[in-house]
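You will see subunit A twice below: alongside subunit B first, and alongside subunit C after that.
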Partner chain A sequence: MSTQFGKLCSLILLEHFGEIVQKVGNDLYKCQAKPLSLIVNSTKLPLQKVKQALRVMVKYGFVTFAPGPVPNRAVYTLLPEKVILILRYPRYLLLVKTQYGDEAEMLVEEILRQGQDTASRVIIRAVSRLKESLKEEKVCLVTLRDKFATLVNKQFLMRCPSPGEETGVPVLTIKETLLYLPPDLNLKALSNIEEGKSGDAGDEGIYWRVNLDRFHQDFRDQIMVSAISRRLDDNAGELLRHLLKQMYLRTEAWAATSNPIPFTELREAVRKQSSHPLLGQYVDQYLKIMEEDSSGFISKVGDSSGGQYSINMKTAFIQLTWTTIENIVMERFGSKAARIFRLVRAKKFVEQEQIQQVAMIPAKEAKLLTYRLLEENFIQMQELRKSLSNNVPNKTFFLFHIDLNQVARMVLEMCYKALFNAMTRREHERSENRRMIEKQQRIESITLNMREQGATPEQLAEIEEMLTPPEQALIDKVRTMINRLSEAELQLDETMFILQLYLIYQL
Partner chain B sequence: MMKKKRLIITPVRVETDFKLRRRGPSRSGAAAAPTYPLLENRPAPLQTGVEGEYMLALKRDLVEFLRDSPAFVVPAAAKADIERYSDRYQAALANRGAGELHMDWARLPQELRPAAGKRRRTSPSAAASKRAKKTVDISNRLDELEKKEEQQSDGEAEGAEDEEEDKEAEGEGEDLEEEDLDEEMDEGTDYINNYFDNGESYLDEDDDNLDDGPVY
Partner chain C sequence: MTSNEKGGSIPNGEEASGSGSNVEHRIIALARSSTKGISDKDIQTEIPDLRPDQRASIINKLLAQGYFDLFNQGGTLLYKLKDPSRVQKVKGADNEEKIVYSIIEEAGNKGIWIRDIRYKSNLMPTQLNKILKILENKKLIKAVKSVSASKKKVYMLYNLEPDRSVTGGAWYCDQDFEAEFVDVLNQQCYRYLQQLQENTKDCKGGPIAARNISYASSKDVWKYISELGISRVQLSVEDMETILDTLLYDGKVERSISTDGTHLYRAIESLLPPPGIVRIPCGVCPSQSCHGMKEKCHNLERDSNLRLRVLRSGTLPLSYRDHLAKGLELSFHTGDSVIEYCP
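And then the complex of A and B:
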């Protein structure tokens, strides 16, 4: 947990929940766990506001509590990694939309917006929003309920643990079997509630939240499949997708290496699909290529039943991290530096002179680039002495090498910093041009009103002229810049995802 | 030998150089690193596409939704010294985020739940009844005192006890005055009284409770 990470967290809280939550979050970030009274003391905020902020953060799952040393008083802990995930919400929604359709997306979005909620309330809100957006009178409750059940069955949604009988500080627990049990909803009562009458949908007290890990699992698979598709071809990607499917049948989702998958079963699965006819013909060849490829995504672990294959998740992400960092070096320092970086990686430990010779770069330039990489901490230096005494002149070797774990952490830190900078800049642009943006919004709303009232085109044109051309140009410029920065934030998150996953697999 | 030694020194110096430069301004004679250093290479272009735009819209929606929801905790507004015309609009804006968070309070530690019991005690009706009782008490007291005064004029023997009672009566009379004053102020801006009453007694009580906790 670094300062940079804390700053980013605090900025995200400010943007989404306001300054009070930000201050409480900052305070909690600095320590492990804190009771309410100490938070009030150190933040100097009114007790009511601190309570409100804590309620919000508990609801969204950013803060957990546990019974503290004083009876009936809880201690609160911030989970900063959950806060950062807010930036990933759009990606989750996009994934649900592409895989399960608009209704499912709406359901997940409603839960994400509330942090946690009961199934009935989520469905009702989704119905009203769907009606609004699709301008349809008929939105089927049954479809939504079924979508909800599907999402639960696929483990995208999970039950929140429920409190026990304790007074004071509740202890939240849930049985393993209940975690992904779809809700039993009373449809009649649900439709009653939807029409504005009272009713009991029969799920009071059962709260649902989004299982973000399940989404991460899908992202991981997507990344691996697209990596293989890029490296080999679409057929290979499809084959990996089948392998992953087979893997889930027999292996826990986050295992570093999958249990062996027999070739015969894989071939059966591939034959059943019809989208890639060539793949059916050449399954064994594709497997062989993938296995021999230096990326090491899959490996052959046995020869029984036509060959046993397993997927190496950990190796895959080590490879992906190497590639990511190589690309970063390439973009930052140029292709010659990238060549040196790859060389050091391949040789593990290498001397300066050797780098010059093997990389085929003029001595001076090679030295310059190596030292720059060293200076920016992309490569490390190891000193080797023949004897440890300082005053005796002896031969010392300086070997360059790369500590991937350390470099990955550093790059992740750079990502946090870049994210922080992008967000700060975006806010700055927005506040600098606040008046202009507000003016434009006002004009837009007036135009909309006038149009509804059936104004003539001349009148509309007159209103639009309230914004002078230079103002219009400025607004367009600011808007493009803000959009660009937001988009950069979203794409930075993809890099962060790979690096974070690498670090998780290293543990 | 000398030549070799020099060779050794170079990389070490690079490293110290780097450390010094990172500390920036403290290095004597060297200019501070610029806040916005020039980029050596142009950054790689962003990927653009329909998906990106859609995610952008989702991101914006989320922020807007949270801004308008009760989850966006706004600081208590400072009490205005004078009433301004623009206040009306600002009040409307501030109320946007008002409203309770939908939540099952059983899932929260007791200290975070909106305490129903405490609120009842400070509710206006309770306060009013308390006040009424007080006034009745005082009028009774005054009657009693009047009687006593008459008695006293008869015989000025009793001293200490009565004086004490007098003092008490005076004190309570002051209380009465204060409360009357409060009420007068209430009439124009109901808001201030309510807020003030609730907030302060609430806070005091809680603060007292909190003091019981250990000091770390």
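And then the complex of A and C:
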């Protein structure tokens, strides 16, 4: 909860929801929890607007409310970590698209847009959008309903809690069994609504939202599998995927260490697949290699039923965080500095003298790099005195070490800042060239209209010439810049994801 | 010089009587036969007719001439014959020189600093300087510059090879660390291990066999480097291990210990590609005071920088780009809410 984080949240709220929501968000960020009247007071906004902003943020899950000290008055709390997840939405959609196809993607996108909605409304909207994009007359409602049910079964979607019977500030609750219960939709009524007639789909009052944790779980697995594939080979990656599948059968998804997975079951699972023939042959050997690898993703915990293996999520993310930070040091300060950084990591506590000897770097350069790392807080220094009295001349040892937790938090902070910078710059580029971009869009829409009306190629060329070559060049340049910055934002998010997971596992 | 000649030379330099020099001979012979040194009692049993006062004067004479070292062991005095070659060297020197010489001698091939000599010998600095100069001129001692502190000179006997801690071993040339040499070796070792790693692709014997092929012991690497002939000094296997350890800290190789206790190395790939943050200028920007890239960002002005980084990271898959575009258009409307229970 830093200033930088606050600035980032504020910018995201501004970009997607406008000024009023941003102001309310800023105000809530500064304090733990606040009742409505105080927000109105400090933001100097009309009551109605604040209410609306809060409503929007509650709907998207950015703000929660709870009974406050004054009876029947709710206090509101902002969840900033939920706000910055907006940046990850494109990745969620990509995941759904690759795993469950276009229809599923459309459904998730519609829910993400609304924050929460009923199944029938989501499906109706998805139908109309699919019609638009595919130019098809008939979109099968049954497929969409089934996709919806699959997503619910796979726990990508979940029911929103609803208020109970109590008076005053409502408490949102939901029964565990209902959480992932697929909706029972009246297809007949649904098709009636779709055709513009009125009907009751039978799910009024049941709202759905996207279960982001489930997506994060998939991202986490992807990262681990690709790391193992990089380190060993694709077969090993595939094996880890099977291990993870087996893990979900018997362990809670976010546990630090999975319960033991018996070798026999794993072998059965691997035998059923056919994409990696070599893997089936050498399951035991791959397990042994993965277990002995320095990454420590899995470990052997027993010998019964052919060997028991467990996945160490926590260790894995400690390793991945180390790798990330080492890579950052490498890019920021050069490979010699990365060598020093890894050396300090391996030796835990080490003196300057020893660093330059073991790292084989000339004394002067080694000192320079070590102190630069120290200055930028990638490594820490511990003073060790033989006695604490000041009047006795004594030798003091200066030992360097790394506090991973602290460094990870610092790098995360750097990410927030970089993200903020990239977003600001992107907006700046866009607003600087607003006139030009609008002109181009206008021309494009005219061309489109003309083409539909059957204009001749000469006419079309004439319209396109309204944009002079230098203007065209400028637009191209701005567009590449904006694209690149947006791309950078997504890539930054990947770094942030690893660091955030590390911190979550540390708790 | 053989010991016989030396034994013979003793009486010539003496003014002692014939019988006295005879006794000296016998005592020296006795001392030579015993490596542990001899005590008064040994002399008494060897030469029973020697009077204690005679014995004392002869021993004193031999001590003064530097033939014997005197040791105190468990309350009894032991006389031990000095190394004949050393005796020769300090011959003709005065007492101070002898003391300084013996202090330097004690330091062995690690050498000793002039201040430590002063403390041990209790000599005045000027006098000590003079003595050191004399000894140096006689080629009895030499001054060697230490690598740990370039201005610090250490003294040691002339014929000694300086210790690695003084010269820095194979990596130093005239007190200068040969960074380039180390870098070249570092690269060559990595290349060797990488080749091994690539060989595993054709391996049909299963993953464990493949992994075992990719391992190389420090001795293998040492042999390879020696055969390459890039080093003009003879490197030891330990030298090779220090180089391999730098690769370990570069994160390029992995080290494990084989069953017989030697170290094995193999090339490995990092777990993750370069993280997203370093692909944008802010990730590597040293500026701490930057307030967004709105105003002026030198990294962005130099457009090439950004392009370079994005190119190196590889471009995103196409579908990702589609989503990116979509994500940006994904706008939220602050329209009417469906939640009625919000007060």
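A few comments on the model shown:
To be clear about the criterion, the second predicted complex is superposed on the first by the 505 of 507 C-alpha atoms of A that agree within 3 Å, B and C clash if a C-alpha of one lies under 4 Å from a C-alpha of the other, contacts with A are read in each partner's own complex, and residues count from 1 in each chain.
Going forward, a contact is a pair of C-beta atoms (placed from the backbone, for glycine too) under 8 Å apart; a residue touches a chain by one contact, two chains touch by 3 or more.
Being a predicted model, the structure only gives us computed values, none of them experimental.
By the document's definition of touching, of the two partners only subunit B reaches A:46; subunit C does not.
In the superposed model, A:461 makes contact with neither subunit B nor subunit C. Within the superposed three-chain model, A:171 lies out of touch with both subunit B and subunit C [touch as defined at top]. The wider contact with subunit A, measured as residues touched, comes from C rather than the other of subunit B and subunit C. After overlaying the two complexes on the shared chain, residue contacts for A:346 are found with subunit C alone; subunit B is out of touch. In the superposition on chain A, A:37 makes contact with subunit B only, not with subunit C. With both structures placed on the common chain, the touch criterion links A:428 to subunit C but leaves subunit B unconnected. Touch criterion met: A:374 reaches subunit B, while subunit C stays clear of it. In the superposition on chain A, A:163 makes contact with both subunit B and subunit C. In the superposed model, A:69 makes contact with subunit B only, not with subunit C. The intersection of subunit A residues touching subunit B with those touching subunit C, taken from the two complexes, comprises 16-18, 20-21, 36, 51-56, 58-60, 65, 74, 89-91, 93-94, 109, 112-115, 117, 163, 169-170, 207, 331-332, 483-484, 486-488, 490-491.
Of all residues in subunit A, only 15-21, 35-38, 40, 46-49, 51-56, 58-60, 65, 69-70, 72-74, 86, 89-91, 93-94, 109, 112-115, 117, 121, 160, 162-163, 167-170, 172, 205, 207, 331-334, 352, 371, 374-375, 381, 393, 395-396, 398, 483-484, 486-488, 490-491 touch subunit B in the complex they form.
Of all residues in subunit C, only 171, 177, 179, 182, 186, 206-208, 211, 242-243, 245-246, 248-251, 254, 256, 268-280, 282-284, 290, 292-294, 297, 300, 303, 306-307, 310, 313, 316, 319-321, 323-324, 326-328, 330-332, 334, 337-339, 341-343 touch subunit A in the complex they form. Note for the complex: subunit A touches subunit C at residues 16-18, 20-21, 36, 51-56, 58-60, 65, 74, 89-91, 93-94, 97-98, 109, 112-117, 163, 169-170, 207, 223, 227, 230-233, 235-236, 281-282, 285-286, 288-289, 292, 294-295, 319-320, 323-324, 326-328, 330-332, 335, 338-340, 342-343, 346, 358-363, 365, 411, 414-415, 417-418, 420-422, 424-425, 428, 481, 483-488, 490-495, 498. By the touch rule above, subunit B contacts subunit A in their complex via residues 1, 4-5, 8, 11, 14-15, 18, 40-41, 43-44, 46-48, 51-52, 54-56, 58-60, 62-63, 65-66, 69, 71-76, 97, 101-104, 106-112, 199, 202-203, 206-207, 210, 212-214, 216.
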